[in-house]
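The structure appears right after this line, and notes come after that.
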Amino acid sequence: METALALLVGAMTATGIYLMLARNLLRYLFGLILFSNAANLAIFAAGRLTRAVPPLVEAGLNAPATPVANALPQAMILTAIVIGFGLLAFALALIVASYRTLGTLDADTMRLAEPPVAHDAQGTH
Amino acid sequence: MKLLLVNILLAMSWSALTGSASLINFLTGFALGYLALAVTRGRRHGETYFRRLPRMIGLLGFFLRELAASGLRAVREVLSPVRRSRPQIIRVPLALRDRHQILTLAQLLSLTPGTLVLDIAPEQDAFYVHTLFVDDADAFRDEVRSGFERRVAEALS
Amino acid sequence: METNSHTAVSRRQGSGRDAALTLLVLAAPLGATLWLLALLPDVRAGAALQFAISWVPSLGVTLAFMVDGLSLLFALLVSGIGFFVVIYAGLYLRGHPLLSRFYLYLLLFMIGMLGLVLAADLITLFVFWELTTVASYLLIGFNHATAAARRAALQALLLTGLGGLCLLAGLILLGNAAGSYQLAEVLQAGARVRADSLYVPTLLLILAGALTKSAQIPFHFWLPNAMAAPTPVSAYLHSATMVKAGIYLIARLHPVLSGTGLWEWALTLTGAATAVVAAVLALRQTDLKLALAYTTVVALGTLTMFLGSDDTVAIAAAITFVLVHAFYKAALFMVVGIIDHATGTRELTQLGGLWRKLPVTFVAALAAALSMAGFPPFLGFIGKELKYEGALAIATEPLLVAGAAVFANALMVAVAATVVLKPFLGRPGRQATHRDGPAGLWLGPLLLACLGLAFGLDTSLVADSLVQPAVTAILGRPETVKLKLWHGINLPLLLSVATLTLGVAAFAAQHRLRALMDSVAPRLPLSADRIWDSLIESLKSLAAAQTRLLQHGVLHKYLQTVFVTLALLLALALLHGGAPSLEWPELTIKEWAAMALTLAGALMAAAARQPLTAICGLGALGVGIALIYLFFGAPDVAITQLLVETLFLVMIAMTLHRLPLFSRPHHASLRRGDALLAIAVGCAVTAALLLALQQPFDPATRDYFERAAVPEAHGRNIVNVILVDFRALDTFGEILVVFAAAAAAVTLLRGHRIRSRNGNGNGNGNGNGE
Amino acid sequence: MSWLLALPFLLPIVTALVAYLTRRREALTRGLSVGNCALLLLVTLMIFIAVVRGGPVAAQMGGWPAPHGISLAADYLSALMLLVTAIVGLAVAIFALADIDRACARLGFHSFFQLLLAGVCGSFVTGDLFNLYVWFEVMLIASFALMVLGGKPLQLDAGIKYVALNLVSTLLMLTAIGLVYGLTGTLNMAQLHLTVAAIDNPAAIDVLGVLLLGAFGIKAALFPLFFWLPASYHAPPVAVTAVFAGLLTKVGVYALIRTFTLIFPAGEGLVHQLLLPAALLTMLTGVLGAAAHYEFRKILAFHIVSQIGFLVLGLALYSPLALAGAIFYMVHNIVAKTNLLLISGTAQRLAGSFELLRIGGLYRAAPLLAAVFFIAAFGLAGFPPLSGFWAKFLLVKASLDQTAYWTAAVALLTGALTLFSMSKIWAEAFWKDHPGGEQSLAPLAGTERLQRLLPSLALALVTLALGLFPQPLIGFSLRAAAALLDPGAYVEAVLAGP
Amino acid sequence: MAIAEILVALLILGGSFFGFTAAFGLVRMPDIYTRMSTSGKAATLCCGLLLAAVALLFQDARVTARAVAAILFLFLTVPVGAHMIARAAFRTGTPLCEGTGVDPELVRDRREN
Amino acid sequence: MNSPILQGATRILAALILLFSVYMLLRGHNEPGGGFIAGLIASAALILFALAWGVAEARASLRVAPAKLAAAGGLLAGGSGAVALLSGLAPFTGLWLFIGGGDDGKGLPVSTVLAFDIGVYLAVFGSVLMLFFALEDD
Amino acid sequence: MLELINAVDSPLLNLAINLSSWLLLLALVLCFFRLARGPTLADRVVALDVLNILAVAYCALLAVASGRAVYLDVAIALALVAFLVTVAFARFIERGGARAERGEEAQEHGDR
């Protein structure tokens, strides 16, 4: 089972990176979503898979009666998802603000911080 | 609405008290709660709720029936090899003015076979309805007025 | 010249305070000199005074000092000449607004130099070595407003700094070979060091430090440029003391490192070449200070040349010459300073007939020049005789050394003549604006020049107490050195005569020689100064090219580089360790479906031509992933995934109308490289995951959580128990992230409004924001 | 002890939250920020003393036994890093009083700054791999906010690159941690030390090591993953750059050191072979980048990169002396680099620009500033008797001791080129006259002067003190290095129970 | 119990059949409006039936409450959602399929605005 | 957006969703749910409201500024972790009180853990709203 | 081939569940076809909406099949989500997303 998930993780990572490499920031953002989902799935697979048994203890018992899914990776993923949401939301806000201010979504044309002309060595020292 | 919530709360308490969580038990609790509320509240405040509740249940039944019919109609239309539909957009004037009533009507219309509320006229006095199976636009308008609008008005006023 | 940037008014106002300051500063060299003089008898008796405190015991570094013959000689030079220089500078820079800084640097230098020559620990020595470099930098750049001074300061700093770095490496290697940084132990470990497999690099590194500091060819060019410093600095640092630090170091480590062919040849050849070339260059100069600077280089070359040997006479010659040179050169520099002050120029061609106005200065200059030219009975004569004797005593290459010495000395005679005769006795040129000036100004040069005469007349003053202990220290064996004015007619005397003759001839022909050199010089392919410039330039263009290549400012190329690196690293690791095996997964159809939906959504997003299409793809992907979580027993995750994914997509949809569309479809063919790269990384991630999964899973923590959730944490949803209890800290951090992200987004989206409301505050302006 | 270990992040967090609620009451938030930094200094000092006296200390959050719950742990390295963080934090907090304008303060500067400190402290003190990720994120998002605070076009442009590249690192780190968990079943770093050692699967360990190297390499700005740093550090307000320069990349280096000593000891294996060339290239490319620029902060930014190379070099050489060198270098560098950036801000405030060609005259107009710059800059270039000398000495000696001659050569060359850039700044900003004449220099006065110069002066004194009296820190670094190479005491402290 | 079982079986089969129809309608119907008309309702019904099956199977008040809540929620939201999209499509001029009749009054309304 | 149908539906829906979110929050310790999920659901309610009625209306009906909610949530979560200090326990140690129950744990549970989860709920709720309102306001 | 873990004991119910599962999966595929195909944005949004609702249905089916009410909560969350997405996207289309369909000139250059 994990093998399939591993392949899916690879495929999602690949599509994510492909999008991230585009010049358009919105595409970058979409790629980031894919990549981060892939990372979450990787954690999920890494904790080993168990079919359809949520890590809940039935009322009245002290421990799960049957083997249940590994809860720790789930907790990790939950944390990672929420953190990822925060980061992605910020990235989106950044993109919106950048577009408003810089007038483009093409990251390659954003050259304010690093102007394209090489700095001439012109100091008098 | 508040009373409805209180009623539900009462039903839940009933379930908890009796210790049985079955549906039957809940409904029993609801009925008991309804009675209790009707007694305690009397005529002063919640009068309409007690009269409205049966009508609301009626509306719900009507709604479910329509929904089922609508679903079946959709199935037939989708699955049959021959296209029966005659799509058209009809302007349906509204007699209702209350927001909630308009909303309910729109929901109902949308769930009726082959009809879909596209938009509300600028003066909020008419729906634009997309229909699939209507031959006669005027007949449809009448149907809406006498069927849906009346029930909605009864249940929610 | 240096002081033209401030007004006479400030000069008058500050002069009282300046004098007080000078007196205060004067206490330092005076005290040091007196203390050192008091040590003379002990040292002459052969005692080496030790003083050590623990500094960095973890590294075996002690703050250790030692006074033996060699260090005492140099220390006395430093403090003694320092005394005169401070007096001189107090008047020379009177009223200069930065005089206190000048003294600070000068004192810093003095400390550095004294520490250097007195250090008894290699690392301590290095620390003070670098201190002199820094002080020199600050002093060369003292006239900071002029570009030339800044350039010269930088040049000196970089060159001696580079040398210093080599020296550091060399000293560390030496310490490793000797097993200690303690000088006493290092000096005992000569045989071991010379036999060490790293002897050659050790020696070369140390020499690199010494030779750059002492301005040996090909590193000689910084010294003439350093003449941009105020004259007291030139007199003190760049003739009498600091440049001799390299010489001191060579002498200091002589017992450890000398005695090999490499040592001999390296020092002799470098020294000889330096002496000869610098002598020629000295003659060419018409700026008095520059001419003197080149003669300093000559002197340093000569010293280096002699230190290559381990013959007693050669060493004695070197030591004597250190003294000789210090006296006359410091005096001459100060004389030049006085001329400069009085006339406003140092240009030989514009000066003449100054002896009338500057009679005392003239006397001092004459005495110093005679010593420099090696006329009896000045100490310079003794030094020269000793040099020739020493040169002839050098076993391996006496002719080379003697020849170089004669040639260099002859040209020194010519330069000495030029420096004194033309300005003071030549046809009157630019007039001096005032007379000799206050005594403090001419006292130093006069005294120093007279010392040259006095020591020449009574050699015992220096021979027993200074030269002999120093030679003993260098050679590591008790030596007896006798200095005599008259040896009788011998080969050295004949060489002296030849020197004088040649020198006079050169003086007579100086204009023709200078013209010749001026016509040749531009045709020479190389000058060290120009090479330096082009080195700096090529450094800058290399830096610029590298920056263009790496830090180009194009985001997608940055990302490409990052991912290429990642792919290569992972590929390397996988090739290194072996890829995991792949087995066909056993999945139910619904699991396949969920995965297919996920993948299809991903592909749809990747191929989408419009943002909303991509978002729809992501929506499908979100549902698919949620289903996967659901199928494998993670309902909490599934719900969260759905909610978060949706909220995010809603956010995008909310902002999308303010953003532009993708302008044109991105043809897959255009980005085949990116696709390959992406696939490579994807494969690597899969492989990494599979590798991790190969290991049998250790369930201890999982089991613990399942056991403890209900009885100890009172919760039946183990995931939630982990979140709020077992690992509550993670959750706490995570809500902070979300909070901060929200606040940051608010900042971004509202920032411009708040800013425009409040107006632009001060601070955080960006220089290149336009 | 458990509370003492938690305070370094709890204090700034509470401060951040309260400061955000009260961000419109400026006097209050400013007082909160500085006050908390002072408190933080006290707390970290207490931790430091505790560690010096009794060795590594640990605590179990929630009282859940290690290795199941989240452990906090402070060994020598952590304690030292916490202390330095607090020192830098306090200096920057004071400086920010003058440097951060009202608009930025109202946008929440003090909150984000405190959160950044919380993230940094959390990273240093946690003994749990996933918790480390969380603290990294806290730090990262706070840094995002600070990077774009004020929203100038330049900041947004720089912010895009900063964010875009750092998010990649974050995701790599997350993936890698997930895989480490999959391999070992635990997240506790002490437990990982034991578990990984028992795993005979070099392929998996190599791959995970490389993934972590990539993730932390980006954070630490290692060659060739450093682009985000020079692309962005010149954009935000100076106080922000200063704290970034001091702390952010160092947390990446800390993570590298922690990971590759405790979890995947780097003495062998692929990562070990990769670290050395990466370190050397980082040193060289960084310092060359600085040589190409004439903007105060860009020069400093490239130097950050270069100096990261030195730090990683210490790890790559993997000897007690080398690691001690890296630790000493880290402390020295944090102090000196932060100070240089603070000075750049004051220089800009006085002379009107960060462009060296457009400013000058500070040597005469601001002697105190010149003095502290000189100490910081020459300290950075490794001149004795300043702290950088000992840092350089340790690393060069470590290289030579291990017969890594080329390494030593590159280290020395880098030192020389550092000197080149520092003297460039000195010559252009301080020595040279201001191109606009003396009237272009706006003088400092009163409180502002104090707020700007006091931190610089204090940090310069630290640089000087570490140079004059290096033994305590060198001795401590050697102990820390020994503890890193033999983490038995750390593991025992963590796993001993609550 | 057997009757409940049969009822549940019928409900889920019917529900999923409606679900399938909804999706099929999406593919088959000629324009956006007809697609929405058919699939929205079918999908709602699909969910309703399946949720009813759940309620029936569990016979537990809490489960039933949640199932009823889900059904109510869907009934409230699906038509609104459909209306929103339809309105958006309509307002932005998404083309109607061939042969769609348009009320002349509507044309007048729109012209007035 | 100004769609009467949406607006009308939202009034009811938002209330329902909020109610649902509280339900998810309170039962989260034993069944799927908890502070995260509940917070996200609650914010969905107000986002819906904002989509239908506009942000100003949503803000007004929320009454408390989202930032305050978020920060208060953070402080509540931190504070509930700090309660342990009073008992001399490690930070974030859960303290439980079973009101009206014996040692068998059958009483009504009140715990710092629940307070923590409520803090998470508020923080997520407030933060997400901050984000959305800012994006929508812009 | 198609097996559901924890299926109830009744063979009748099992059969029904299996059949339903197939039907819903098939529906999912069809839905995705429309999602990918478009052609208008509104089409995609409708498809996504239906996809979400189908997922709700699938959750209900899982609840029946596994006997766990947990899936019901997922269903409710999903229903909520589906509605939110639909409203937001509809609003986007109305606000100007349609310009994409009309293929208006893009403002941005060099995008790939």
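Letters A, B, C, D, E, F and G name the chains as they come in the text, with residue numbers starting at 1 for each one.
Rule of thumb we're sticking to: a contact is a pair of C-beta atoms (placed from the backbone, for glycine too) under 8 Å apart; a residue touches a chain by one contact, two chains touch by 3 or more.
A quick note: this is a predicted structure, and the numbers were derived from the prediction, not measured.
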Practice problem: Would you mind naming the chains that touch chain C and likewise touch chain D? | Solution: A, F
Self-check item: Which of D-F and B-E has more C-beta pairs touching across its chains
Solution: B-E
Quiz item: Just curious, how far off is chain G from chain E if you go by their C-alpha centres, in Å?
Solution: 12
Self-check item: Whole-Å gap separating chain F and chain G, where each centre is the average of the chain's CA atoms
Solution: 28
Exercise. Please compute the C-alpha centroid of chain B, do the same for chain F, then give the distance between them in whole Å.
Key: 32
Quiz item: Which whole number of Å gives the spacing of the CA centres of chain C and chain E?
Solution: 79
Quiz prompt | Touching two or more other chains - residue numbers and ranges from chain G | solution = 21, 28-29, 45, 47, 62, 70, 73-74, 76-77, 80-81, 83-84, 87-89, 91, 93-94, 97, 108-112
Self-check item: Residues of chain A touching at least two other chains
Solution: 20, 22-24, 38, 40, 42, 45-48, 51-54, 56, 59, 72, 76, 78-79, 82-83, 86-87, 89-90, 92-97, 101, 105, 107-108, 110-114, 118-119, 121, 124-125
Quiz item: On chain C, where are the residues touching two or more other chains?
Solution: 147, 150, 154, 540, 543-544, 547, 551, 553, 555, 559, 563, 611, 615, 635-636, 639-640, 643-644, 646-647, 650-651, 654-655, 658, 660, 662, 666, 671, 685, 687, 689, 692-693, 697, 699, 701-702, 705, 716-717, 719, 721, 723, 725-732, 734-745, 748-752, 768-769
Quiz item: What are the touching chain pairs in this one?
Solution: A-C, A-D, A-F, A-G, B-E, B-F, C-D, C-F, C-G, D-F, E-F, E-G, F-G
Practice problem: Spell out the residues on chain G that touch chain C in their complex, using ranges where they run on. | Solution: 1-4, 21-22, 25, 28-29, 32, 35-36, 38, 41, 44-45, 47-48, 51-52, 55, 58-59, 62, 70-71, 73-74, 77-78, 80-81, 84-85, 88-89, 91-93, 95-97, 99-100, 104, 106-112
Quiz item: What residues of chain E sit close enough to touch chain G in their complex?
Solution: 5-6, 8-10, 12-13, 15-17, 19-20, 22-24, 26-27, 32, 35-36, 39-40, 43-44, 46-47, 50-51, 53-54, 57-58, 60, 62-63, 66-67, 69-70, 73-74, 77-78, 80-82, 84-85, 87-89, 91-94
Quiz item: Residues of chain C touching chain D in their complex?
Solution: 54-59, 97-98, 101, 123, 126-127, 130-131, 133-134, 137, 141, 144-145, 147, 150, 153-154, 157-158, 161-162, 165-166, 168-169, 172-173, 176, 201, 539-540, 542-544, 546-547, 550-551, 553, 555, 558-559, 561-563, 565-566, 569-570, 572-574, 576-580, 685, 687-689, 691-695, 697-702, 704-705, 708, 725-730, 732-734, 736-737, 739-741, 743-744, 747-748, 750-752, 754-755, 757-758, 760-769
Exercise. Can you check the complex and tell me which residues of chain A touch chain D?
Key: 20, 25, 28, 32, 35-36, 38-40, 42-43, 45-48, 72-73, 76, 79-80, 83, 86-87, 90-91, 94-95, 97-98, 101-102, 107, 110-114, 118-119, 121-125
Quiz item: What residues on chain F touch chain C, complex-wise?
Solution: 28-37, 40-41, 43-44, 47, 51, 66-67, 70-71, 73-74, 77-78, 81, 91-92, 94, 96, 105, 109, 111, 113, 116-117, 119-120, 123-124, 126-128, 130-132, 134-138
